[in-house]
Each structure stands twice: as C-alpha cells, then as structure tokens.
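These notes open a run of structures that come right after.
Shared between the two complexes below is subunit A, which has subunit B as its partner in the first and subunit C in the second.
On to the complex of A and B.
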C-alpha cells in the first residue's frame, strides 16, 4: 500500500460496486446525439440523468454563438481575470445575469463549485457564523471548510431548527444562512418563505444556491426565491451554467453596494483561469433563450409532471413532489445497483446515488427530466421502470385492470 | 477503568440509543471507529446532544473529537465560553 492507504475503505466499496455489473464511474458514451440521447455500446440510450433541464446543449443559436466567439477570440483566456484582464464577454455576461435577477452586481466563476467555494469562504470570516442546511451540496461544505467562520448545521428543510440554532449564537458576528433552491438528490425545495422569515428576525444574511432551480422555478425562471416571493430577503444568489444553461461556469449576484470588493478578496475567483469566450457566449445565448422562450419552461413542467405521476402511479417511493428531479428511493444499495444496471442494459440512463452522497443514507435512482424529452421517451422510461421494478420485486405485478 | 462523570454518562446514554447493545461503550471508546455507526447516525447523534445541552458544536471542531471523553471535553469547553 502507498500514501493512498487511507482510502482503502473507498477502494473496497468501489470494487464491490464493480462486481455487480457496470458502474457509474466507468459508463462511457461513444457519442451524444442530442440532449436526450446517447450511444452506448453501439445502441441508443435515453438520457434521464443529465440536468439538461431546458435541453439547450444542442440549441442551434447557442452553438452558433459559441462557434462565433471561438473564431473571434480563440480557445481560451489562458489566465485569470486579475492577471490577464476581463474579456468584454465576461463583463457582458455578468451584467446580463445581474439584469436577469434585477440585482446591482454579478460575478462569474469558472464553475458552480468554485462559485460556492469562493462566496461562502469569503463573505463570512473569523468571528462570523455559517449556518448550513445539513443536506447541503459538497461545494457548500467545501466552501465552509476553506473559510474561517464557525460552521453550524441545521436539520434539512427545518426552519424551526434553524431558528433554534440561530438563537444559540452570540449577538456579535455576521451570520450567513445557506440553502438550496431545489436539492439535487431528492428534488425537494427549501421552505424559503419560512427561512426568510427566520433570517429577517435573526438579522442574518441569506444565500440561496439556485443550481437546479434556475430556469425551472418562478414566473421568469429566476428560481425558488422568485417562486416563493422572497427575492428581497435573499442577499446572495449563487448558480451554475452547467445545468439549465447547458455549458459550464458559475455565478453570484447580489445587491450589496460593495460587492465588487470580492474580486480582490475571493481566492477561488482570483487564482484560476477565467471561462473561455466560447463558453461565455453560449451561456449568454442560453440565458437569452431562457428569457425569450417561456415555452421551454412550460414543456419542462409538463414533462416533469408526466414522468413523476407515471412513477407515482406505479407505486414507487418517490423523493418529493414533481420537480424535474425525480428520485426513486429503494430499499437498499444492492437493489439500487441491480436496478440501475438493468435500466442501463435496457437503454435508459439515470443516476445511481448511494450513501454517503445521499440524504438519510438512502439508495436512490435519480432521474432528471428535460424540456427536450419527447412524450414517447418519457413513456418508454416509465415502462422500463415498471418492467424492471416488477422483475426485481420492487413493484407487485400489476393487476390486469390497472393496465388499461 | 475510569468512572464516567455525569456528562460522559449522558453521552453514553445517547449513544446506547443507536448502538448495537452488545458493544461496550467506555470513555475511551472511539465514536466513529469502534461503534459501527455511519456518518449520518453520528451527525444525528451530535445534533441530539446539541439540543440536549442547548449549544452548537461547530463543524470544524469535530476532528478534535474521537472518544467519548474528547466529546465531553469539547462540550465542557463550549459551555465555559458561553
């Protein structure tokens, strides 16, 4: 054994997973044909685990914008914003995001992970407090570890528990509460109205990570804060370009008048290369598409409802009400692995999520629905879930009467 | 073996609720290594203790805690500061 000995428990777990068939770490697509279809081992596979909520990865206008920027400005920036300067497109994207959210300032990061890492580790410091939902994404926990504030967790989606934990803290010190719009594993949304209330009473700040809710929730697609009508109580919105907007990158918008000081204080912003112009351009165009075509969101919503109610009617235990993230919760890990393998063999790709990456130690088959899914693809997916569910004894065989 | 003080008794009582009854628990028991608990159970256990003592154990202090005695010491430190 080597210096990596400390990971032997991970190696054992991983080998066990591999012995049961394919595993998510080695699934390889030989080609991706559209937002909803890939080629795997020579056959077409329906993609239901891509977070491609509006299906914009193949949008012709986004592709064209990307190509144009690629030809005009080259393949990369080869350095950070503070070292090599900003391209015009970086500033335009920041302005477009701020405008979209109706905020004063916006800041773009190279990934969503870095946006959380940077903002969370920087806006609170020594003598301050970070109060995190216990089921927060790894990027939020890592931001907490990088920073110097004291870190407190509250029970997932429990405003009363948050209130209680805030009450235990001393008066002095800034307090930043961090929650997510839609939680990435179970697809549940935060009770944001109640959380905003607690935040206001405690005189704390509130950050909402809208990674999975941008373009999904709210009349204009601004996310949960808009849908819950509490945007004025949210001090920082963080998000990513890697899901709804179909590219890569992250951002934070805010109304703080001195927000821009973060550009010289926030290390995960300062010490990494900035986004290549081609990605900035396709992201900008995706943001345009999101705003100019509300039909995309309407389609996403109706697809989500169709998929969710199809699985619900079959009798699966589901993680939450219909959002584009639909989690089928299974009895145990081995069953989830077997189920996932059978679906993949049958031509359906979903996400396999196992503890410790999942809440409550549950084993989950996580699907994400896209506006680009056809009704036929959704019904095929439901049919495959039904067939494998029966085969593996998760569902009892359907009585004939129910099949009509 | 060292006798348990009242705080340690309380911690052990909370642990008994989640640990296999055949496993012995002393003040030197390593909470994450010796008890067969997953990280989620440990987190819930810590939250229960926080509620029981009406205090917060910051995440960054968890690495200093291995044994029941360590945990009691950390709680005592935090109580002394409030």
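On to the complex of A and C.
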C-alpha cells in the first residue's frame, strides 16, 4: 500500500460528491467585492457562508490601519514572539484584549487554531483531566490530542452529563472544562450558567472559546460569558481574529496570576512566526470598531432574526438558537448536496457540512449572517431557499407572499 | 496544586534568567525600520537574529502587492480553505510553488507550523512509521505527537544510525523520514545525499523541511534538496513563508498522484481560516523576487561568509556549516546570558537559545545574516562579538586589526 492509499475510501467518496455538481470544498472566488458579495465563474454570488459577522473585512479604517502598518513595518516579522517577533503592536493588541475582557493578562497567537491547540495542550497535563463538549471544534480536539491530560467527553450542551462525569473523577488532578460560546455548525449556544455552576461545584477550571460569539453576543460584544452573566466563572477566554475581527490570529485572556509562564511553556505560541504587523493593526482597529460602533452588532442581530425567522416560517428544520449561524438540517446527504449546488447555481453561497463532520450524522446547509447584509440580500437568500426547497420537495409549495 | 503550578520550576528559572538582565524571550521592538534595524527602548538596534534571509519584508514591490490586495479584497477571508476562504490568489500561490519546485501539486497552509503539523500527522498513520532526526523542529515533533504513526528518532544528521533503525522495522507499514534543509539553531545542513540513498534502499518516503533553506541554498534557491541534487528522491517538500518570503504561512509540494486528498483529510489545513489576501499577495511577489533577482541570494551568501569567517577568525566555537545561521556555542548558560545582554546593550540583537531547547545542552547565541545587511553592519556585529568576547573572557584579547 502506498503512503496515501489509506485515504482511498475518502478519495472515492469525495469523487462521488464532485460528480454531483460543484466541489463544495474547493469553491474558488475569483474576486471578493465586499463582505457579502463574491465573483465566481464570472458571476456575482451573495456570500451567506462566511464568519464575517460585523462585515469588518472591508471597513475602510481597518484597511487603512493595515496599509499603514505594511508601509511602516513591512510584510512580516520573520520571527517568533519569543525571538525577534514581538513588536510594540503585538503587546498593544494583547493589552487591548485584556482590557476589553477586564482581565489581567492576554496572549496573542498566530492563528485561532493554534490558540486552542496551545492553551488546551499546555494548561492541563499528566494527572489532569480535560472535559470536552462532544461537539467541540477540531482545534480543541487536536489540542486535547497534542496534550497529555486524560480526555473525557460529555454530551453536547448537557450540564447534567457533565456533572456526572466530573463526579466520577478522583479528587487529585486539575479539571479543565472546555465549551464554545456559539457552536460553529448548528449555531447553538452553550448553557453557560448551568455549566458554570457545575464547574464551581466540582472545583474545576472553565475555558470558553468565544470564536463565533465575540462581537456577536453580550452587551459589549464580549461573547456568551458576558451575555450569560458568568464572566467571573470563566478562567480562560479563547478567541480568534478570523471571524468578527476580519483577520487571522487567536488569543487567550485570563486572570490567573501565573498566566505569563505560558509564554515559555506553550509550544504552538513559541515555535511559530508572530502575526505580521498589518494583521495586528487591522485587528486592533476592528476591536476598536466593535467597541465604538454598537450599531454594527444591532444590525447583525436584526439581520440574523430576519433570516432565521424567514427560513423558520418556510418550514425548514433549523439549528436551535437564533444566532447569526443558521443551520438548515436535511436528513439526506444527496439532497443536501443537490440543494447546495442549486443555491450556488442561483448565485447564493452557503456552507455545506456533511457527516462525519456534523453532529448527529445530519447534513447541513450552514448560513451565516453579517451586519453587512442588506435587507434585500437577506430576502433574496430566503427566496432562493424557498424556491430550491420547493423544487427539491423539501418544502410544500406555498404562495410567495408568505415570505414577505 | 492550582492549574499552572506545574510550571512553577519553569517560572522560577525564568525569573532567575530575567534577574540577569533583559528578558531574552520578550524583547520588544518599538519599531522596525528595515530588515536589519529596529528601535528598542529608544535606540537603534542592529537586527542579527531574524530569519529575514533576503530582506524582502521591506521590498517595495512586496509591500505594494500587499497594499493592493488589502484594498481589493479586504483584511481577511473569514473562512477556511474548504469553505469560503479559497480565493483565486490562494490557488495561484499554490500553482506558483508547485511550478517553482517542478511538482504536480501544492498546498498552502496558514502557518508553517501548521504545514508540518498537518502533513506529518496525516500522511502517516496507524501501522506506519515516522523516522525523525532527533534535532527536529517543534512543529515536526508536534505533528508526530498529533498523528498516530509510531515515532522513531535517529541521531542528528547520522545516516548510518538512520539506516540501522530502518533495518529494524518490519516490512509492512509505510516509513516517512523527516529531515530539515538547514537546522534552525546550529545552521547545519542535513547530509541529504546519504539520507536519500538510505531512503531509497529502505523503500521509505522522504520529507524535507526547507523552512530555512528556501531562498538560501540551491542554484535556483529551492533549498537543500536542489543543492544536493536529490530533488527526485524527496516525496514531500515542506516550507514556510515566514522566513525568506517575509510573511507567514506554509506549504507542501509533492508529485504523489493522490496528494489532493489531503485537502479533505488534513485537519490543520481544513479547520483554520485561510491566509488573508494581503499575505498571499506579498508572498507571491516575494517568490517572484527570489526567482527574478539571483543577486539577492549572492549577497546573502557573501554576507554569510563574511560574518561566519569573521567570528571564526576570532576563535569562537561555531556551528558546523557556513550558512546564514551562525551559532556561537558557549558551554556556560550564565555566560551566554551575560554575553547576550551585553550585545543587546551595545545595540546588537541576536537570538539566545538555552537548554533544553538546544542540542547537546549547550547555550547558543544564534545570529542570522540577511542579504540586506550592509558590510558595515556585519563588521560592527563582528566587532561587538569580539569586544564582548574579550570582556567576558571567552576570547583572548587580540589586536583590533585582526578583525578588518
């Protein structure tokens, strides 16, 4: 067997998928014109499958900050944070994040993936326990695998199951519970009040990954912990710059007094080049915009409600909560593939998620709403979902007026 | 024991290190003015501890390409390569890398760390063997740990030891040998001809990480495999954009027919936001500059020789080869810390590497040379090494004329 033959089953499945239409995992945009519009094969496509929640990737002040940093400090640092790659801007961004979250310490990573990988593989070790929501993101699972703590999974969003599993663990050893603010596929939020209570009872530590909830939930946009009023119970907030903040990179903030020791202990922080100045600058400016313009978040929420209720009224089976991530759940894989292809042909891009990457073995059309979507784009998207849903027999036909 | 107390020995050691002078792992530059000059605590500091081999971070055409992409496509993609994060430029960069290396396929990752992590953890699996040079970079070791193949280490740069260890393995299972073009700490190169021969005899696969050798070695700057004339024996070339190419990101190129299946199998590729357009654009332009201006590489090599022979003549114990990475090996840790601090106070920044991060338990002052260094900067650096070396008793005093 040659070295990549172990993936032949995957290759066959993938080829079969591609035979059904466009390849959902290599969609290429020839140009992206705005947070909500791309060019694909020569035609305009409405983007409804990004994580561009506040539409900041095209914010003039973020672009301007990025350009200024490029001109002033060059294209990159060519060094890790522990060598020559710490510029004043990196520490200013760390301070800004710590201030935003009201924490003593902040650490910036080069990707959000590496933030989860690094924090989770490092803060718990031999003799410790890592207790993960079963639907955790790949970066969390990979952090668990890279580290040496014993890994226990609890049923998705089930505080009772979490409680039971914690009760079975011995007294000795630190316990770190890891949950996400908003789960990226279904758009549901963690029951964080209950989880915080279980955590406190068990004397465990709690990490919340606010990747999809930063800039989305909470009065100040800090995420689910703020919205649930349990920030004091969270020991580590992890997040990313590649969604609401429109760049790449990740962070962790914490009040733990020894937190800074991670700078010389956490390998995915230490052994990678630091973020280029242009990304640090645009991220800092995006964090400013998030704080100075609450109207962005208000628009995001109103857009999300409009899109969610539009699809809901049509009769689609949706993910639980009305967050900017709206998952249309389809039982049948081939149906989902056909639906996704028809939407793309009609000029609407959403994400297709198939088992085994999805919870429950279901096939999902994942849409995500942006503050930058116009009401017209939202209604067009709802209309296309309605038309394709009827065409493919997912919805029973109904008068178009019902969508207004 | 609280959660970070497991690092208390490290914290104590780190605090002790800091009590000896500046903190070598949080040096902060208030500004970086060029590839070779930074501002630190209000004064100009010559940068001799970067990986900016061709000095391209301030290349006007690379900056211009980055600015244009920022204005045209925004600050980021807010999506992974397998969702909305593949733009035309990402695939152009992949094609440009494949063309540069004369390979059929290329894959771009968001960091070099994730390129090694992803390729190494994925291409070999259960029942396979991963045979690593003992001095491999952290990203290679982390890839080994994340994956499921059995890991075997061979003595650094010792093809005989590699041969012996391969001979002990059963026939079944794929074997992947991983080596680096230039090792980042000591600056020595792998004996790649001999390793390629051992690989062929054993029917193994070979991965070469050209992170520090891309743009440095080989007639066309492709790295050690080109320089050693064994490119046909290398199955996977991995590299980074954060050194010679002046940005961040990583890549893998290969001729394996099934290579593209990794796009739906390799988690550190799939589950991370793609590179922002500005970084893709400046990287592409840096790759153009590398190919169109061989004078850059000639200058780098002449600068490297000048610096290496200058320190050699002074009597320092140096890493084996005359590559742009020049390691001054000091037996004593405190001496190395003092030396590093004295250089920094005098306006010269180099990297300090201490055990256990170094081979052989030695303490290293790691310098790296850039094509952008002026002869004057190189001679100043040599002069400062001489002065501090004499002051601290590492060198016996000699007339300054010997340095000319």
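In the analysis below, the second predicted complex is superposed on the first by the 396 of 404 C-alpha atoms of A that agree within 3 Å, B and C clash if a C-alpha of one lies under 4 Å from a C-alpha of the other, contacts with A are read in each partner's own complex, and residues count from 1 in each chain.
What we mean here is this: a residue touches a chain if its C-beta (ideal position, glycine included) is under 8 Å from a C-beta of that chain, and two chains touch if they have at least 3 such contacts.
Model, not experiment: these values are computed from the prediction.
Q: Under the stated touch criterion, which partner chain does A:66 make contact with: subunit B (first), subunit C (second), both, or neither?
A: A:66: touches subunit C, not subunit B.
Q: Which partner chains sit in contact with A:218 here, subunit B, subunit C, both or neither? Use first/second/both/neither.
A: Neither: A:218 stays clear of subunit B and subunit C.
Q: Going by the contact rule set out at the top, does A:355 touch subunit B (first), subunit C (second), both, or neither?
A: A:355 contacts subunit B only, not subunit C.
Q: Given the touch rule stated above, what does A:6 touch, subunit B (first), subunit C (second), both, or neither?
A: A:6: touches subunit C, not subunit B.
Q: Counting only touches as set out at the top, which of subunit B and subunit C does A:319 meet: first, second, both, neither?
A: The answer is neither, since A:319 touches no partner chain.
Q: After lining up the shared chain so the two structures overlap, which partner does A:86 touch, if you call subunit B first and subunit C second: first, second, both or neither?
A: Only subunit C is touched by A:86; subunit B is not.
Q: Report, in rising order, the residues of subunit A that make contact with subunit B in one complex and with subunit C in the other.
A: 145
Q: Flag every residue of subunit C that touches subunit A in the complex, lowest number first.
A: Subunit C residues touching subunit A: 1-8, 10-11, 14, 25-32, 35, 38, 47, 49-52, 56-59, 62-63, 66-67, 70-79, 82-84, 86-88, 90-91, 110-114, 123-125, 128, 137-139, 142, 145-146, 174, 176, 205, 235, 240-243, 246-248, 256, 258-259, 261-265, 267-268, 270-273, 275-276, 278-279, 282, 286, 349, 351.
Q: Which residues, counting only subunit A, touch subunit B once they are in their complex?
A: It comes out as residues 134, 144-145, 150-153, 155, 164-165, 168-170, 355-356, 360-361.
Q: Tell me, which parts of subunit B touch subunit A in their complex?
A: 38-40, 43, 47, 50-51, 54-56, 58-60, 82
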